[in-house]
Structures are given as C-alpha cells and as structure tokens.
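Next up is a structure, given as structure tokens.
Labels for the chains are A, B, C, D, E and F, by order of writing; each one numbers its residues from 1.
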Amino acid sequence: MVKVTVHRKAHFNAAHRLYNSEWSDARNATVFGKCANPHYHGHNYELIVAVKGEINPETGFVMDMKILKQLIEVEIEEEFDHKNLNEEVAAFKNLNPTAENIAVIIWNILRKKIATELNLTVTLYETPRNFVVYEGA
Amino acid sequence: MVKVTVHRKAHFNAAHRLYNSEWSDARNATVFGKCANPHYHGHNYELIVAVKGEINPETGFVMDMKILKQLIEVEIEEEFDHKNLNEEVAAFKNLNPTAENIAVIIWNILRKKIATELNLTVTLYETPRNFVVYEGA
Amino acid sequence: MVKVTVHRKAHFNAAHRLYNSEWSDARNATVFGKCANPHYHGHNYELIVAVKGEINPETGFVMDMKILKQLIEVEIEEEFDHKNLNEEVAAFKNLNPTAENIAVIIWNILRKKIATELNLTVTLYETPRNFVVYEGA
Amino acid sequence: MVKVTVHRKAHFNAAHRLYNSEWSDARNATVFGKCANPHYHGHNYELIVAVKGEINPETGFVMDMKILKQLIEVEIEEEFDHKNLNEEVAAFKNLNPTAENIAVIIWNILRKKIATELNLTVTLYETPRNFVVYEGA
Amino acid sequence: MVKVTVHRKAHFNAAHRLYNSEWSDARNATVFGKCANPHYHGHNYELIVAVKGEINPETGFVMDMKILKQLIEVEIEEEFDHKNLNEEVAAFKNLNPTAENIAVIIWNILRKKIATELNLTVTLYETPRNFVVYEGA
Amino acid sequence: MVKVTVHRKAHFNAAHRLYNSEWSDARNATVFGKCANPHYHGHNYELIVAVKGEINPETGFVMDMKILKQLIEVEIEEEFDHKNLNEEVAAFKNLNPTAENIAVIIWNILRKKIATELNLTVTLYETPRNFVVYEGA
C-alpha cells in the first residue's frame, strides 16, 4: 500500500494581538510583551496543508491539488486574509490567536472538508523564523 | 576608485490599513479594497538596507555591518516593530502607509544617520511577492 | 521628485527546447547540448515585474499592485502557463526561447500596457540558479 | 542508539503532461485540465533525499554525503534531467508522471542502492508551492 | 489532547574540519576529502529547534518563543558562533564535528534546559543543500 | 540594441578571520570583534555572477551559461572552496578578507576571462543576511 503526502502552500496577511481577556492588562503585557499591543500588529502567514493517503491508480493523485488549492482559498483565505483575527474571525473571540491556536483552528476547519481516509497536517509560518505544525489530536 | 555596496537584512512585524483621510469610506473601499479594512491587517516586513561607498583600506569595510545593524535596530525596528503604523508611528498620521511610503520614510530616517559620501538604498518586502525599492530623490 | 520601484512576483510552468531552425540538428546539439532535446524539457519560470515612477500623492501608489497582478495574469500567465513555448506561443515560432529572449518578449508585451511615464524591468528565473534581467532598449 | 537523518538536495528540469492512456482525450482534459496539454509543459523539480540511520562512530557520518550526491547524480539526474518524462523515461510509459508517482519511482530506484539498515524518504517539489513526500510502503 | 510543535530558527557561523584523530593524515584525506583540510573551512549553520507539547490553555503557547529564542542564544549561539568547532568547543575535542554530531551535541545541550514533557527535535543546515535532523535517542 | 543581464549562482564554503596585520591584536579585537578570532570562523558564501551584453541573434544567448558555470567552477570554486582564505588564498596574504574585498578579488579574476564588451557584476552573500555587490571601478 503506497501512501504519499501531498503539500500545498498558501498565504494570508492578518492583524492580531496576543491577549487573555481574563487577565489584567498588566499581566497581558508581562506575559505577551509587545505582542499584547492593544493597537495590534500583523504578519504574512504562510500556510502549508499536507494530505497523506493512497495514490489513486487511475489519476496518480492522492488528492487533486487544484481542489485542495480551491478548498484553502474558500475555507481559509477568504475568512482570514486581510482580517483582524481578534476582531473579525469568530473562532478567536474567546481564543488567543497564537500561531499554535491558529493552526489548530485551520486544521479543524479543513478536517471536515477532506475525506476521512486522508491524514491532515497543518504547518503555519507566523514569520520566516517562527512556525508551528499541528497533526491533529 | 573601488566602490562596493553592502547590504543588511532586517525585519519588523506591523499592522496597517490603506486609507486616505480626505476621502469617503466608500472611495477608500473602492480604491484600496480589502486593504482598507478599518480593523487593520498586517505584514512581516523584510527590509534590506544598502550602503554604497569606497572600501576603507585599513578595515576592508565600506561601513561596519555591526554599526549598520545597530542603526537599523534603534532607528527602525524599535519604532516600527509590533506597531500599528497608522495609529502609532507619527510619520503616518497624515500619510498612507503603502509600501512605497514606508520605504521613503525609512530612507529619510536612515539618510540622516549615514555619512553623506555613502549612497543609500532601501528595499522593503511587504510580502514575499510584493516589494519596493527607493534610492532617494 | 520621489521615484520608487514596485515589484510583483508571478510564475508560469512551461516546456521548451533551445533550437535554431536554420542550423542542422548536429549543430543544435553541439551548441545547446541537452537543452536541444527534441522531446523538450521544462521549467518553473519565476517572473518579477518592476515598475518605477513617482508616488501618486493621493493613493501612495506608484501603480496599484492589484492592477499589475491582473495585467501579468491576463497578458503573461494565460499565454505562457502550461504551454510548450516553441509550439504554442507565436512569438517563439522563429525565435529561440532562451531565458534572454523570453524576458524580452514579456517586456515587449507589458510595455504596451503600462503608462509610458513608468519605467519597466523584467526579471525571469529559468531555474533558482539561472536568471536574466531586461530593462528595455 | 543515536539515529540521525541526513538530507541532500538535488534538482532536474523536465517536461511532462498528465495523461491516462486508457481514457479519452476529453476525460483527460476534464480531469487534468491544462496539465493534460498534449504539447507538454515542464517544471524545475527540486529533490530532497533523506537517509536515516545510526552515526558511524569512526566517521561521524550516517552516510557519506559525497556518495549520496553522486548516487543521485547517476541514478536520478542523468535519467530525468532535461528529459520528457512521458516520452523518454521508461517508468512512465504506462504510469502517469504526477509528482506522487515520480516520487515513488525515485524512491524505488534509490532504495536498491542504499544499505537496507538505512531508512529512505523522498521529497519532491514540482513547484515552490506544490510538493510531495514518500517514505516507502 | 492537542499537541502542537513550535519551531524557532537561529544561526551561527563557524569554522571546522572533518578529522578522526586516531587515523593517519592520509586516511583522513581519503575519507573526508577537502573537508579534512588542516587549515579549516567554514559554514553558516542554520538551526531549527522544534518543541512539541500541549498548548497551555491560558497562554495559547506550547512554549513561549521568546524564552526559546533566548535559550538558543545563551546555550548555542554564544558557544558556537564565530568559533572554530574543533579547537574551541569542548564537545568536539574528541568528536568529529560532522553535521550529524553537531546536531546531537546541540540536542543534548538543549534537552537539559527544556521541560521533560516536551519533545525536542534539532534540524541543522550545514549548507542550503545539506541538512540533518535529530529527534533524540 | 537589446542588452540583457544573465546571472549564474554558485557557492563555496570557506574559513576566514578579519585581521589587519599592521595593527595590534587589541586593536583588531576592538574593530573586528568576534570576527577577529585567531582560530577562524567560516561561511557558506553564495555567489551571483551577472554578465550584461547584447543577445547573439543566432543563439539567443548573451553568454552561454554552461561556459559561465564552468568558468566560475575553475576560477573561483576550485580556488576558494573548502579553503582558509587568510592562509591559503594568495590574494588575501596582505588583504583583509571582508566580503567587500572578496567580491573585488572575484570580480578581478573573472574580468580577465570574460569578453570586454560584456559588463560584469559580482554579488556575494557572506550570510543570508549580509551581502555585497561590486560592479567594477
């Protein structure tokens, strides 16, 4: 049984701040430093979605990359690109938009849209020097 | 006369929106599209500062890169990193923070701090796919 | 007068072979080596289009990057992407599709579509290790 | 027992088309879109070969990278570089040269040449935005 | 249980030579080639430290990246940067500083400083074309 | 007259130290900091050689890139790769091997080997964050 992982890169630009609404502003500033700036800062998030499964012998595809590309555009880019994650993306109303949490939210969104026999991994670069990987629970 | 250009890369993460305060919101939305989002979005700006001049025969340097690195840290990174450019950087109170204008502002700041016999060029990546270059007036 | 250069990256994937139709096959093989393979080979061409001009004081733009992006899509990507340059792109019917010649053809196409007061430069990566730049005649 | 994975990057440029010879041209066009273009298109394939095993205490190597580099040159680059994969590489006479299938073929070729106690993984970039990984059956 | 891997990139520049002190110079030259040059050569080592664990629900962090960045600076960069690995880093007095061995040494240093419930992986690029990964014994 | 610039990337790994032999060790340490380390450190130098000239209408080439690649291998890589620049490269016996000076030396070597009607520019990355450009006197 030949299993291959296919990867597609995408990207979105967004503003955010790191903030725990149950903490005082002072504690937020202590823990999150300049990332807690109430005026926000932002990033070019680079996203890599990986899907692992068997090669379909008729097409030679694990999953058609055109379909994966469109899925990322509709489900992630349209929802996250040029947005303020704290203010405009419902998932972060009560969840701190760290790279870790953003990766988990993206995985949860895509997991529902990708066939269950395929494994899913999300890699998210917050900067070219910081990135996270989530492979599911 | 042997002139060489030395380059140093740096980076800062910031929020911004594109907005002309003399226009209606509708016109801002028409011209700037999702970049006009009043809740802001953001970028990892990658900056390349280039300094051209003669090689000092004693040191072999056009300019000590340690000094250039520190200059960028103090003059640019401390002012721009993890900031909201529209709200927190004085230069953009009445100036739209497009990549073009940010590059000119950075050039103007650094120009005053670098010896006049050296030429200065600023390259600013707003995303890995969009970048601007300013060589001075 | 403040002039800035804005750059936009794009890409297309194409097949080609290097071939001078006025030469014998033997001479083509001698000069162009494995690049003359009659069955073709191919590249991921990465394109950087640079436009230099004054910043519009109302928009802060030299040129709206959304418009430049669309122009490249319509004029270049639709014509070159997933094509055989020798067989399917008219400009190369009698012109060897070297990186040099492809860059000149792209420049000629875009030059007609960009305002004459703006300077145009085309950079074309044939591979991550080989690239060419054309700034116009 | 200290196991480390060593990686070597290589590259080849090739033409291909996606095509199932048992299907009609219409169905090929529907499924593979512009990738089915009968005149071919092409890519700069970037290859990463990973070998995992114990460090030899005398050399400090898992595997001498010079030998791995030469192996990739002889077994992969000489066979695939500047070739039309559909027309000139025997493995794809009856196999669609998708990135997935190319990675499996490369893995199968290298597997026979690398000591059995070493694990092998092949990563293949078809473009800077699409890539696949094959770790073996 | 939601586990995410966070990664931080860092870098150091160092000189080294490959050399087994129990071998003759001739055997060193045969096995290690130009890497055995007694006058040394050097590299820009690029390091990626990956830490996997549960997300802290209060902070949204697996590990505060500021702390990980500082840990790498103090424990690795200060010890390795602008050094001759063979001559000046105690760990390589009797250990050949191959990429494999350097990665293991870095992992051993960091392992003692990172909470035991977190998994640690070290990736080390010796050049942009050669890199190694060590996940622990 | 259509002039295009063709670029070829190459690389070499070398050890060096920054040092002015007419200065005391103390002054060398003050000016060059850890770069003056007498045990040396090193870099992966990435080199881009650019040649500008008219396109030959028969070949479509400014200069055959295979020939430029071989020229860089013979003249630069064989002389500089896996060497100690201070100790083993004659040009630096009395010249401090800063990035600026290395670029000038490489330009001087290549200038003699490239047709005089072609312009030559050398770009040298000492690290991914520091690089220099020399276009000739």
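The definition used in the following text is that a contact is a pair of C-beta atoms (placed from the backbone, for glycine too) under 8 Å apart; a residue touches a chain by one contact, two chains touch by 3 or more.
Note that the structure is a prediction, hence the values are computed from the model and not measured.
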item	value
Third chains touching both chain F and chain B	C
Most distant chain from chain B, judged by the mean position of its C-alpha atoms	D
Most distant chain from chain A, judged by the mean position of its C-alpha atoms	F
CA centroid of chain C to CA centroid of chain F, Å	28
Rounded Å distance between chain A and chain F, as computed from the means of their C-alpha atoms	41
Sequence positions of chain A contacting 2 or more other chains	128
Pairs of chains satisfying the touch condition	A-B, A-D, A-E, B-C, B-F, C-D, C-F, D-E, E-F
Complex interface listing, chain E residues touching chain A	1-9, 50, 55, 58-62, 64-66
Residue ranges of chain F touching chain E (in the complex, touch as defined)	11, 13-16, 34-35, 37, 39-44, 46, 81-84, 87-88, 127-128
List of chain A residues in touch with chain E within their complex	18, 20, 31-33, 95-101, 103-104, 128-135, 137
